[in-house]
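In the two complexes that follow, subunit A is the common piece, with subunit B as its partner first and subunit C second.
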Partner chain A sequence: MRKFALAAVLFALGWGGLPGLPRDASASISLEKCTLCHGKPEFRKLLVDGQIRDLFVTGDTLKGSVHGKKGCTDCHFDVSEIPHLVRPRRVTCTHCHFRGNQEGAPQSDNVLAYFDSAHGKAIAQGNTKAPLCQDCHGSHAILKAKDPGSKVARVNVAETCGKCHMEIYAQYKGSIHGTALAKGIVEVPSCTGCHGEHKIYAHTDPKSTIFATHVSEQCSKCHSSIAIMGKFGIETEQVATYKESFHGVASQFGSRTVANCSSCHGVHDIRPPDDPLSTVNLKNVPKTCGKCHPGANPNFAVGKIHVDAKKKESGIIYWTATFFKWLTIGTMLALIAHIFLDMYGRTRRLRGER
Partner chain B sequence: MSRADLAAGKVIRMSLPFRVQHLLLAILLTVLAVTGFALMYHENSLAQWLIRMEGGVHNRGIVHRIAAVLLMANLVHHVFYMLFSREGKPELRQLFITKRDIDDFLQSLRYNLGTATEYPPFGRYGYKEKFQYWGAAAGIVLISLTGLMLWGEEFSMRLFPKFVLDLAIIIHGYQGLLAFLVLFLWHLYNVHLHPSVFPMNPSWITGKVSVEWLREEHPLEYEKLKEEGVL
Partner chain C sequence: MPEDDRKDATRDAVEREIDAALKEQVTGLPPDQAEALREKIRLRVRKEVERDLLARTASERRAAARLAREERKKEKQAEEGELFQRFNRNFRFQHVVMFTAVILLIITGMPLKFPNFILSRFVINFWGGIQNSTIVHRIGAGMLIYFMIHHFLYTVLTRDGRRDFWLLIPKPGDAKDIVHNIRHFLGKVPDKPRFGRFSYIEKFDYWAVYWGCIIMIGSGLFLWFESIVLRFLPKYALDVAHEMHSDEAMLATLAIVIWHFYNVHFNPDRFPGTLLWWHGQLSEHEMKEEHPLEYEEILARRAGESAEVTNR
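Presenting the complex of A and B:
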C-alpha cells in the first residue's frame, strides 16, 4: 500500500525519475539567468481564479533557510532552458529527502510516513487540495522545526494547519491549549502534539494516535506527568481514576464506544471546567453525559466524576471503602482465630474422651 | 431414609432439593467471582487473561449478569421453599438465631480457651451453620441490590445522584470479596480440613452423613432422631 501510494504520487506529479538517480550537473542554471526575469519586483502572474501569484525571487530568497546553499534548479530541476516555455512543475522534495540520499539532506523516513498518512493518501487519490511537503514546511523560507520562526515550529504549526483546517483552528484558539500556547507556554500541545507530525491519520484509523482507544493514552502522556502538570497546578490523578472507572476499563479492553477523555472534555475545544462554555462545566455535565446516557439529569453532576476511593477527600466513598477494608480484614482474622481455637479445643476434647 | 442407609450407618442431612440449590449457588458464585474479580483487579495479568477467556470486557459483563439473574432466581426460589414447602418450613424454624446460639458461641469460646469443661451440644444446626447461612443471605441480598443498581445505571441515575452509584460500586466489589473469602475459608475448614470430615464431608453431593459423625458434631439432633425412632 505504501509503495503503491508512493508510485501513485510520483505518477500524479508527472515525475518519471526515481529518487537517488544522479542529476545531470550540466543542467544546472545559474541564479543570474533566473533573476533576469524573476528578479523584477513586479514579476507576477494573474491566475485563472483572479489571484495574483508573486514570482519575485532574488539571491536572498533562500538565504537563512536550510537550503541556503542550493540553487534554483536544484529543486526546480525540470527547468532546463531559459526562458522556460512551460510552467515548472511543483517541487518534489523526495528528490533529495529519502533515507540513503547523497545530497546531504537529513536521513529520515518522514517522507515514507507522509505517504502513508491521511494527507499522503489523499494526494495519491488525486485530491489536489491535500498538502504536500511545501504546504506545511514552506517553499523558499524553510527553517528547522526547532527554529521558532519555522512554519512547523510548535508555536506556529497550529496556524499552518489552520490554513486548511480553519474551523478547527478557531476552536483550538479558544481552547485551554490554544490560549496557553498564545501566552507562550511551550509545554502545551499544538496540532502535532496529539495528531503526530508526518504520521497523521484519520481519527477512524486504528493506527491514529487519536483513535478512540488511544485517546486516553495520548492525553495521559502529559496529564499523568507530575513534572509537567505540577507547573500549572493541575492534578495528575485524573488519568488513574479514569483507568479505574468503568469507562477506562472498557477502553483498555478495546471498547470503541465507551467514553474516553475527549468524549467528555471535548476535542479541539477543551476548556477548563469553570468556563461556562466547557463541556464539563457542572451546568453542562448532564448534556455531555446525555450524549451516551439518554435522559441524563442533574444527578450526573452530583458527586465527583474522577473519584478516588483511596483518598480522604472522596468523603463517604472513602469511608465506606475503608470500613469494608477493615471489616474484611477483621472478619478474616476472627475466622482464622476461630478455626485455630476450634482445632485446639477439639484436640483437647478428643484427648479427654480417650 | 432408606433401610439400606441406616444399615450402612448413614443418615440423610441434605435432601435433593437442598443439594440442587446448594450446587447451583456454588457454581453461580464461582462464575460471579471469576467474572467479577477479573474486572475488579483488571490490572492484574491473571485477571486480564480471565477477561480474554471470558470473551472480552463486554461478554464478561453478559456472563456476569446471566449468572447474577440465575443466582437471584435461586435465592427467590429458596425463600419460597423455606417459607411454604413442607420440608422448608421446619428447616427455617431450626435456622433462626436464638439466644442459645450466642450462648453456645461464647461457651465454645470458653471451652476452646480452657475456661469451661463442657463443649456445647448442637442441634441440627449449630451457631457455625446459622451464622454462615444468614451471613451469606444478607450478603447476597446486598450484592444483588447494588448489582441491580449498577446494571440499570441510567434508571438508577434518575433516582440517585452520581456518588450513590460510586458507593454501590464500592459496596458491590468489597462485599463480593468479603463473601468470597468467608465462604472459601469457612468451607475449606468445615467441609474439608476439619478433622471429623477430612478430606471432605460428602453430604453436599450424596446428602448423607454417618450416624457417628452426627452423634459427635450434632448430638442434640442425634438424640432427637433417636427419640423419634428414626435411628
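Presenting the complex of A and C:
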C-alpha cells in the first residue's frame, strides 16, 4: 500500500520534477504556454518587502544566448503544470553542467571548484546572499566568457563582482588596473585575473592565489613578462629585485608577516607611484613602511626601494658590491694558490724530490 | 691454594701460546734482536693477563683500563716530547664561542643568500621556518658580539692577550717568510721558513677575523635595528649595509671552509684535525716543526731562569 502511494506521488509530480533523471522533449511544456502569462509586458509581482519583481519573458529572451535552443522547463524543471501554483525554485545549473553529462553542456569540473571556493562554502553554510552560478553568469542572457557582451567577460567581470563587493569595486575603478580596463586595455587584470575564476578563496586561505606567500607569484605572472610590460613601458626588474631582497626571500621561505607586493603597493587601490594617492608615492612611503616598521620617517623614501646592486645606477651600493666582489676574488685566488702550492710541495717531497 | 694453581695454569698456557706465535715472527731476525722482541712482548702480554685475572669487578676493570691508557699516553709522550701550552683556557673559550657563533650564523644566513639552492629550504625548515631561523641568527650574532667584546678586554687586560696582540702585528719579516715558503713549496729551498709564535698564515687568519667581525657586526646591527638606523640615515645606507653583510659573509665562509679547513683539517699533517682547540697543547716535536723560533726562545728563557737560580 505504502509503495503504491509513493508511486502515485511520484507520478503526480511527473518525471520532470525529479532532478537528475532523463526527460524526453514531450515532457517539457511549450514556450507558448509560458508566454501566455509571462509574455505580457505588465506581468510582475509585488513582493512582501515592497519590491517589484518583473516577470516579463518572451520567446526572444533566450535567443542569442548559449541556451538558445533550450526551453523554459529545461532549466525550470520543477514547473510541471500551468499555471504553476508555487514560485519555481532557483535554477540548479548542476542539473546539466557536470563532467560526463549527456545534455551537450560543456564538460568541466568548474562546478566542483565552485563548491570548494569561498562562495560555494558560504552557500553550503546557508548564506542566501552568496552567489550561485546565475548571479555571475546571468540568468537568461548567458553568453560565453570570451564574448565581450558576457557578464563574465574580462571587461565586464569587475562590474559583475561589484554588484556585491561594492567598496572594492569602487577602489578598483580608481586603481591603475581599473582605469586601464576602462580604456579597453585587455591585458590588465580584472577581479578574476588575480583571484581566479571559480577557485576563489579568502585571502587567509593558503589555497588562495592571493594568500600572503602567493601574492608575489601572482603579480609576477604579468609583471615579470617583458612581452606584456614592454607594451606599457613598465620595468620588469621589480620582480627580481623583490625576490633578492630580504622581504622576497623571507616570503619565499613562507613568512606571512613580511611585506609582499600588495603590502606596499596596495591591494585593489594600486596606483602608479607619481599619483599622490598611491601608497608608494614618495610622500606616502613613510606611512606605508610604518605599517610594519614603527616610527618610519621620510628617510625610508631616500634611495630606490627596488634596488639592484648589479646596476651602475645604484651608485654607492653598486660600488660596494663591486669592491667586495674583487676583494673576494682576489683573496680566494691567493689563498687557493697557496693551498695548491703547499700540496705541490708535499707531493714533491713524497716522491723523494727535494 | 686452588685459586693460585688455576692462575698459574692459565699463565703457563698463555706463555706457551706466545712462544708459539713468536717463533714464526722472529725467524728472520738476528738472535739478539729476536730475544729482545720476545722479552718485550712477553712482558706486556703477561702484564695484561695478570691485570685481567686480578680485576674482578667492573669498576676494577675500568680502573685497570684507565691505568693502561695512562701508561700508553706516557709512552707516547716520551716519543713526542714535552707538552707546551700554546693557548690558555681563556683563549680556547673565545675560540669555541666564536666558531659556535659562526657556524650558527653561516647555516642560518647562507640560505637567505641562496634561497633557490636545494638545501636552503631544508635548512630553514630544520629550525622550524624563517621566523625561528632569524632568531637563531640573532643568537649567533649575540654570541659573536660577546666574543668581540671578550676578546677586546682580553687583549687590553691580560698579559697573554697583550703579548699575543703585539706578536700578531704583521712585520716585514712576514713578507720574506711568504716568499721563502713559496720557494720551499716549489723546491727551490730545502727548509721551510722558521716561524715564531705566529706564522704569517696565523696572522692572516687573525686579522681576517678582525676585519670580518667589524664588517659583519657593524652591518648586521644596521639590519637588526633598521628602524633606529633609518631615523638618522637614509634608506640607501641600509642597502649598503645589506650588500656588505651579504658579500662579506660569502668571503668569510669561503675563507673558513677552504683556507682555514685546509690548514687545520685537510692538510695531511693535521687530518682529520687535532685537539689543539680543546687542550691547547703542542708537543715538543710539533713546536720544533712549526714554531722553532718560539721553541728556542722558551728554551733560552728557561736556561736563563735556571742560570739565575744556580747563580743565586
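Following the convention adopted for this analysis, the second predicted complex is superposed on the first by the 309 of 354 C-alpha atoms of A that agree within 3 Å, B and C clash if a C-alpha of one lies under 4 Å from a C-alpha of the other, contacts with A are read in each partner's own complex, and residues count from 1 in each chain.
Here is the rule we go by: contacts are C-beta pairs under 8 Å (C-beta built on N, C-alpha and C of every residue); 3 or more make two chains touch, one makes a residue touch a chain.
Source: prediction; values computed, not measured.
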item: First, second, both or neither for A:Lys207, with subunit B first and subunit C second; value: neither
item: Touching partner for A:Val307 - first (subunit B), second (subunit C), both, neither; value: both
item: First (subunit B), second (subunit C), both or neither touched by A:Leu341; value: both
item: Partner chain in contact with A:Lys63 - subunit B first, subunit C second, else both or neither; value: neither
item: Touched partner set for A:Arg44, first subunit B, second subunit C, both or neither; value: neither
item: First, second, both or neither for A:Gln252, with subunit B first and subunit C second; value: both
item: Shared contact residues on subunit A - subunit B and subunit C; value: 249-250, 252-255, 293-297, 299-305, 307, 309, 316-317, 320-321, 324-325, 327-328, 331-332, 335-336, 339, 341-342, 344-346, 348
item: Residues of subunit B defined as touching subunit A within the complex; value: 39, 42, 51, 56-58, 108-109, 111-114, 119, 153-154, 157-164, 166-167, 170-171, 174-175, 177-178, 181-182, 185-186, 189, 195
item: Residues of subunit C defined as touching subunit A within the complex; value: 111-112, 115, 120-121, 124, 129-131, 134, 182, 184-187, 190, 223, 226-227, 230-237, 239-240, 242-244, 247-248, 250-251, 254-255, 258-259, 262, 267-268
item: Subunit A residues within the subunit C interface of the complex; value: 243, 246, 249-250, 252-255, 257-258, 293-297, 299-305, 307, 309, 314-317, 320-321, 324-325, 327-328, 331-332, 335-336, 338-339, 341-342, 344-346, 348, 353-354
item: In the complex with subunit B, residue positions of subunit A that touch it; value: 249-250, 252-255, 293-297, 299-305, 307, 309, 316-317, 320-321, 324-325, 327-328, 331-332, 335-336, 339, 341-346, 348-349
